[in-house]
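For clarity, chains are labelled A, B, C and D in written order, and residue numbers in each chain start from 1.
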Amino acid sequence: MTIRIFTTGGTFDKLYFDAKSEFHFGDPMAGELLEEANVNFEYRIESLLQRDSLDIDEQDREVIRKAVANARESLILIIHGTDSMVDTARALLDIADKTIVLLGAMQPARMRYSDALFNLGFASAAAQLLPAGCYIAMNGEIFDPLKVAKNRSQSRFEPTEQ
Amino acid sequence: MTIRIFTTGGTFDKLYFDAKSEFHFGDPMAGELLEEANVNFEYRIESLLQRDSLDIDEQDREVIRKAVANARESLILIIHGTDSMVDTARALLDIADKTIVLLGAMQPARMRYSDALFNLGFASAAAQLLPAGCYIAMNGEIFDPLKVAKNRSQSRFEPTEQ
Amino acid sequence: MTIRIFTTGGTFDKLYFDAKSEFHFGDPMAGELLEEANVNFEYRIESLLQRDSLDIDEQDREVIRKAVANARESLILIIHGTDSMVDTARALLDIADKTIVLLGAMQPARMRYSDALFNLGFASAAAQLLPAGCYIAMNGEIFDPLKVAKNRSQSRFEPTEQ
Amino acid sequence: MTIRIFTTGGTFDKLYFDAKSEFHFGDPMAGELLEEANVNFEYRIESLLQRDSLDIDEQDREVIRKAVANARESLILIIHGTDSMVDTARALLDIADKTIVLLGAMQPARMRYSDALFNLGFASAAAQLLPAGCYIAMNGEIFDPLKVAKNRSQSRFEPTEQ
């Protein structure tokens, strides 16, 4: 079993640059974190984009969509900024025969305290256990992309009224 | 949904005491890690034992067995030392109607680098998604307790020949 | 012996807020770090400002200047953003009978990897050992504020030609 | 200016090995920590011993003594276990023309929370600023080796009655 991991930027991979006192994207952290976790499964990591989630547009989504659709692997993780994660997930709903799990982080993986490593573990199990389909795995919960929204003031994903 | 978490000691919760230059058990880390992960699900944590896994005997297993069997919750995580995790898991195989997931860590959660947070995330998804039964969730893989062994020299769990 | 610590913001105390994908200032970290370091000396921490170093103006410097001049303690640490640390240090050169050491960090203390804890240790020794005067203690070096500049592209303080 | 750093084991460099649920010595952390701290000064690190401080005997002290006496550099840091740090420091008191600073840690540098990085920063400033002689730099304080003892129950160094 191989899990294919696409990274797109977002808080998960953010790095602090003092020169401008801003956050920028560093190299994808997923590989380092999976080594730290000493996982048995095989994985291939590919950086598709390095964007703030709010800057991801339809063209970017098409890049992600094609990469997922063309992947040989049937288990897919997408590391994505949280602000537009739901939009990207919805754009992938019609891809068949693959289990696609989107995850991100509210705190960069490079912080001393971060939800990144937990979320990566959570999503790794979700990808292995869920049937084919597209899911958001955040805050220790698995969501249907059509029934979830990010609550910004609370920094968490919540089910929407339906 | 509430996940019940029983802690029993093991590497996951180890603490370093300089006075004797040894590791001892600190307070269970699970609550602190779940707060860091900012999870949506409810959880209740109970410390049953604080033992090195090699020191867990049949009497201890009976304590764990009773606690799991009597828990109101149907989703159970057990944080356990890795050396005898398989033995404890096998002692729980006949408990019906509950999804029981055992996990641990090869590096204490208090280390700068540790598999603990990943493993807790991984097991939290496994508990939500697996059917009733007893499982070991380590190294990013879900194992049947009858078909797994710890490879000590490699510090990882592996499927056994069957 | 008591060391008085004034905090003014800067990278040292930065916090990541996902909601806006920006850094903001969190509570001063100095107290937490000194507890982690388990120091014998007494200290009093006071937050004077929470500013990016580039936003510190003459009025702010007057606030810092008065606080230092009026402090009962003769050993003073000032945690300050790096971009205008030299300017603030020069504004304090005429304060007599106090050992004043300015320090900061290139990476926030809340990152997994940061120079903040080292720099705080380095400056704590400098404050105890240097004669009265005003100094910058960065990158493991003690500088005369009149003979130092921040090299932004290298993210380090360097002696200036003289 | 070059600081010569000798490592001898001790808590500072401890590593956790799950296989035996014990601590062992990992590679010296000093280089990694000094890179993290982004210091300007030159340094050379040499591992002399990898011992628990309690196991350091007179022969080991002679090894340390010779290494320090023969070092070309006049600024010396010795990273040492805390339990017998005072004994080793006293064995170095007659070395002339060098500033020798012993330091250690109560929590391994590999822990998420540790005094190691602070102590390394503190000792780095002490080595640059103190006159020739031998010193212990622990808990944010500089001690004369003849007037200090480790208080084990408090895990800190304290001045002795004199």
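Here, a contact is a pair of C-beta atoms (placed from the backbone, for glycine too) under 8 Å apart; a residue touches a chain by one contact, two chains touch by 3 or more.
These numbers come from a predicted model, not from an experiment.
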| item | value |
| --- | --- |
| Identity of the chain that, by mean CA position, is farthest from chain C | B |
| Gap in Å, rounded to a whole number, between the CA centres of chain D and chain C | 26 |
| For chain B paired with chain D, centre-to-centre distance based on mean C-alpha positions, whole Å | 37 |
| Separation of chain B from chain C, taking each centre as the mean of its C-alpha atoms, in whole Å | 43 |
| Of all residues in chain C, the ones touching two or more other chains | 106, 112-113, 155 |
| Arrangement of touching chains [line / ring / star / complete / other] | ring |
| Touching residues (chain side chain A, partner chain B) in the complex | 33-34, 36-41, 106, 113-115, 117-126, 128-130, 137, 139-142, 155-158 |
| Of chain A, residues touching chain C in the complex | 11, 14, 16, 18-19, 21-23, 52, 54, 81-83, 106-108, 110-113, 152-153, 155 |
